[in-house]
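We just call them A, B, C and D in the order they show up, numbering each chain from 1.
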Amino acid sequence: MSTVQIPEALDSLAIEVPSWAYGNSGTRFKVFGTPGTPRTVQEKLQDAAKVNELTGLAPSVALHIPWDKVEDYAALREYAEGLGVKLGTINSNTFQDDVYKFGSLTHSDESVRRRAIEHHLECIDIMDATGSRDLKIWLADGTNYPGQDDIRARQDRLAESLSEIYARLGDEQRLVLEYKFFEPAFYHTDVPDWGTSYAQTLALGEKAFVCLDTGHHAPGTNIEFIVAQLLRLGKLGSFDFNSRFYADDDLIVGAADPFQLFRIMVEVVRGGGLEPNSDVALMLDQCHNLEEKIPGQIRSVLNVQEMTLRALLLDRAALAEAQRNHDVLAANAVFMDAFYTDVRPALAAWRQERGLPADPMAAYAASGYQKLINDARVGGTQAGWGA
Amino acid sequence: MSTVQIPEALDSLAIEVPSWAYGNSGTRFKVFGTPGTPRTVQEKLQDAAKVNELTGLAPSVALHIPWDKVEDYAALREYAEGLGVKLGTINSNTFQDDVYKFGSLTHSDESVRRRAIEHHLECIDIMDATGSRDLKIWLADGTNYPGQDDIRARQDRLAESLSEIYARLGDEQRLVLEYKFFEPAFYHTDVPDWGTSYAQTLALGEKAFVCLDTGHHAPGTNIEFIVAQLLRLGKLGSFDFNSRFYADDDLIVGAADPFQLFRIMVEVVRGGGLEPNSDVALMLDQCHNLEEKIPGQIRSVLNVQEMTLRALLLDRAALAEAQRNHDVLAANAVFMDAFYTDVRPALAAWRQERGLPADPMAAYAASGYQKLINDARVGGTQAGWGA
Amino acid sequence: MSTVQIPEALDSLAIEVPSWAYGNSGTRFKVFGTPGTPRTVQEKLQDAAKVNELTGLAPSVALHIPWDKVEDYAALREYAEGLGVKLGTINSNTFQDDVYKFGSLTHSDESVRRRAIEHHLECIDIMDATGSRDLKIWLADGTNYPGQDDIRARQDRLAESLSEIYARLGDEQRLVLEYKFFEPAFYHTDVPDWGTSYAQTLALGEKAFVCLDTGHHAPGTNIEFIVAQLLRLGKLGSFDFNSRFYADDDLIVGAADPFQLFRIMVEVVRGGGLEPNSDVALMLDQCHNLEEKIPGQIRSVLNVQEMTLRALLLDRAALAEAQRNHDVLAANAVFMDAFYTDVRPALAAWRQERGLPADPMAAYAASGYQKLINDARVGGTQAGWGA
Amino acid sequence: MSTVQIPEALDSLAIEVPSWAYGNSGTRFKVFGTPGTPRTVQEKLQDAAKVNELTGLAPSVALHIPWDKVEDYAALREYAEGLGVKLGTINSNTFQDDVYKFGSLTHSDESVRRRAIEHHLECIDIMDATGSRDLKIWLADGTNYPGQDDIRARQDRLAESLSEIYARLGDEQRLVLEYKFFEPAFYHTDVPDWGTSYAQTLALGEKAFVCLDTGHHAPGTNIEFIVAQLLRLGKLGSFDFNSRFYADDDLIVGAADPFQLFRIMVEVVRGGGLEPNSDVALMLDQCHNLEEKIPGQIRSVLNVQEMTLRALLLDRAALAEAQRNHDVLAANAVFMDAFYTDVRPALAAWRQERGLPADPMAAYAASGYQKLINDARVGGTQAGWGA
């Protein structure tokens, strides 16, 4: 174990954390609140900064508009930088206004589409102020019943709406279109698979990319294949990491199927996704419904780091040799050897070399931070998906 | 078409409607409200009575405790009977109190289990007052992460808790245990499949039955097989009808896969589930997130009626003959012939003979009832899953 | 019923039948043979011609190379035309030679790829002789274990191999690339989804299209969405129709989920797929493991015809009106009304007007053809997937 | 890592290997043969003995009747014992005779049921001669089309057939009934889930148990829950270990989802399944379609051993403490710590202490055995599923 050599490539690993992970979340049945939950975007940033402080892995924070709306984004940017983190991806929201009941960018009423487009243009204004590169669009658009709307016309309207938003992007800005198998729509979803996101972003141009949320696929889907394919096509813009046993469960990344996370990271490395000039942004998108939120985020970025290291440790020369010989068992053995390597001791040492706590989870528990916020954050409205 | 002869058995078809179908529902992303939504259980009963008035199919209404809690259940019963409907199954709720975050009847803390048991005993008290026969238990209990709790110990605690509740049942009362594949728990659910519900109710005794919700299965599950098996074992207590494309979508019954509904009703008929002395209660459990609620319920009971009639029209003698000959195509043809028969004109006539509107959907639209409640039900808090 | 008016568009409906449907098929556990099974491609054509004779729906027959290899394809073409049918799509086969154990067009050994490419060039030679328009490529290529081969390199090799095959196509010929979720590969498949087939055929050029086999998707996939999307993108080349409850079950089209077939045909009509100049070829790809083969094919083309007619009967003006009003229940009602219409009596009349038997299934049973071939086809080797 | 202490419980781990794993297998598309494949049951036993010799884990071999039929089972038993292995479970086969096309123990024709029953009685005769304890019944019985047969009547016939077989069992013999989600039947399967197997074996009596094949579930099924439940109910008779990404892929156990295998072994340990008096038999049931067979089996038993050790290393006291506190992250961390422990070095040392090769895979490669059998086993018919 002590022989694990950590490649330099791991140094550049950075995982964006979502502001909403620090707020309350739940299911349609119940949202359980917890003490210490942030009431404001500033408090969310404090928590995110704590995750970065203890892990060195989470230097930027994604915002969600309107949940994280403020008057002065330049001031928010300064506030974040004062905490040692940057503002990252701007996520739009077109699923919580009553007007979007039957769709947003795909809606058959021009006025509703207009409103949704304007919301995205506002998001780009915010990006200008925050210095964010990416506008991430996840659409809840879809229908619940066969015949409810015209699937194909919606696709055409989506293309039109997106092209207007795309035209507003600055030279260094990108549009990232997320796909999702289902939920909240239960019959058809307007961007249900990578093929649709690929076709739509291909039509937009080279500043448009696909966002792959690891929980947004049909049962049994080989996600690492999609990763490899999108990297090959130059269209993988970002990840939303989480894990799932059933649907879009939004569990901690790596919790449900650690081997799948390993296979995904192997393809990311294989396809150049960790290289300095890579187009790929790594983000979390999880819901800590039952577990504590800040340590939940710490656990998550550590999981990504551990799996990325295992992927980097893969003996690609030996693998290539076994593959060339069509020696299935030998190739699989090389592959599994990297997965089964216990990288935790080496990573603890690596952290200490960098002035980080060897065990960030223990360091958080010992930090007193949770008690501090539990005591301080009394009154007000806890942040959640609605605010 | 004119040759469709409606069997007498259809006369006794009765479908219980859930009080909560008339309130608002949605997803974790958004609950859209609509004008006219009831504020009280009495208003829910008014709406349910309207469904029964127009269809003759929905003579009883299931209540959900505590959503439908009142001071005086005897008065509520009278109120319902005044509207022409009965109070039906009492549904318990152990998923919305903070104390149930980690379970209810399965919780490792005795005090939480005690509270959950007491809630069920209270539900039986209510059943005594309302004259309800069935206590339906659906448990949200489960865990989100491997290791979170001891799966097996929870099963033992469930058995203990249920036995205490069971002991309180009156001679004519029943306990019906519903199973669900997943949600809101995302790793393990304590009653995830019919096998578990069967094993638990078998241990309880002959007043305990299984509730089959048609949306609570793994992808690809042959539901009509479970129907046939539970009828064979004498343990099918009730249905929660709805339909789904993905998870527990709670769409209108028959909307997603009408042929599946047909196959289910064929097994219900085959297994004696429509006979006068049958143990099987037919209920709806749906969420009208996007569509109008009252016509949504009318559509639903009509869908069950239409499919039941198709199942009754199945030429079982011809089917048995083809099956005996192992003539796969002939047997399937007999089966499909019943499914493809358009029973709607005959049903329209049948309704008129009974003083019901030929087209209950049109009759509702023409009734002015929706405008009436839209105008009347202003102010107050619209009912939903929380209230 | 008598009011069903059959649109002219139905007249042009033509469904290609696969030669292999008349041979034996089965599972890895067992292939059951049946009397009368063809021993030669000529006998397969006889059976296919019988299907066309009785239904008027199946004017062409797809061939599978090498299963249907002959010395003289011009003679085979004449033979077919003498029977009243044409030779249709040529299907290649790169999954039954030992050399393809680890792949064909994606194989890491240049010599294996060469052999697979040459096979396809030979198929195009055959197309020249048979007058076939389409070369259909379904690849079994994939791996069974993580690490077994380099997913991305295989994708690049696939692109190279396809481009060489594509270059050989005549002006009026097309390449149709089929995708499949899994089987026979159990970890990764090289063309697993429509996105991959779309990306690969887009790179090839405008004579390359996607083939959609209705049984080749992950559980829960909304297939009609893919149909609509591919039609929109101008890349839907052909269908392989069949149905399934679980995996690639290859059951009779419409048997497992008739409503899904209806929804698919609605999108085909919506997207112009039935218009005279359409790029879309409708084919069957089924396995009659247990049922009789010739009536199995008759049943299949009738199922497609019946559903196509229902799709054509959809009141699109009323649907558009309800959609415009976001009246979910009204839109769904218009949609379901078409589905629930019993089109069988009108189709029987329509057939008789055209000199076809009113009931092709009964006509086949009465024809004596099955006894004829049972008696005649004695000895020799029954055709199956291996020959 | 060097601190891994191996519990004594691991010493008693024994995994039964199936004779058919050493023969050829494949898919409906192709069975690829390999040099050295056994032609006889004796050669299969030689290969199995080699696996046991190198791992010390596989002391018994399951037979499949009629594939492994011999004249003299006492002699076969002696032959096996001479090789250092025992004859284990007897597996019946009612899916390859033409007469079973429409079912076996469930068939509507009494004569076919009789034949299938007699086959099982013969299997018990063989058990008497081989000294086998378990008769394992996996039924391919089912239907492909709705209406093809009477689902419920088949269930009743199954119960009757099984009871006759059960009655013939000796005092120390057991009947183990395997369930399977689907394949080769594609509409309904007569024993599709654990609930059915449980209900049927419960009716038979205390010598009847359920067999859980890890690949025989619907997508997303929580298998460790079923393990825990069956152990709780005292009805878990045996495992068929393998792994899968999609359907019944029969891949090497632990290859597709190693974490799932860990979770299963945790419940086995939790439920007493590794204790000396346990009712649970651990077996493999895999198909080495592409990889080499003997090292494929070695890899498999090692995978089970490694995961069992991880499960034994789980700090159950710490886990119970975290569970009691409802500390989700702490409980999960204890759980994952056992999973992420690299047990391989400790196991290598443990093997050497017992006179076994530290690396059985390398030892096999170095043994020359493969060349020996490649050279020796020339001519004859390679064993496969048909022989």
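FYI, a contact is a pair of C-beta atoms (placed from the backbone, for glycine too) under 8 Å apart; a residue touches a chain by one contact, two chains touch by 3 or more.
The model shown is predicted, which means the values in this text are computed figures rather than measured ones.
Using the contact threshold fixed earlier, the set of chains in contact with both chain C and chain D is A, B. Although chain B and chain C share one sequence, what matters here is the overlap of their interface residues, and that overlap exceeds half of the numbers used.
Centre-to-centre spacing of chain A and chain D amounts to 40 Å, using the average Cα coordinate of each chain.
Taking each chain's centre as the average of its CA atoms, chain A and chain B sit 38 Å apart.
The multi-chain contact residues of chain A, meaning those touching 2 or more other chains, are 101-102, 144-146, 148, 181-182, 187, 219-220, 222, 245-246, 255, 259, 290-291, 328, 332, 336. Chain contact summary for the complex, chain C toward chain A: residues 101-102, 108, 144-152, 155-156, 181-182, 187-189, 192-196, 198-199, 217-222, 224-226, 228-229, 231-233, 259, 263, 267, 270-271, 319-320, 322-324, 326, 328, 331-332, 334-336. Taken together, the chain C residues at the contact with chain D in this complex read 25-30, 32-33, 95-96, 98, 101-102, 140, 143-146, 148, 181-184, 186-187, 219, 244-247, 249, 251-252, 255-256, 289-291, 385. Within the complex formed with chain D, the residues of chain A that make contact are 1, 219-220, 222, 245-246, 255, 257-260, 290-292, 295-296, 299, 328-329, 332-333, 336, 339-342, 344-345, 361.
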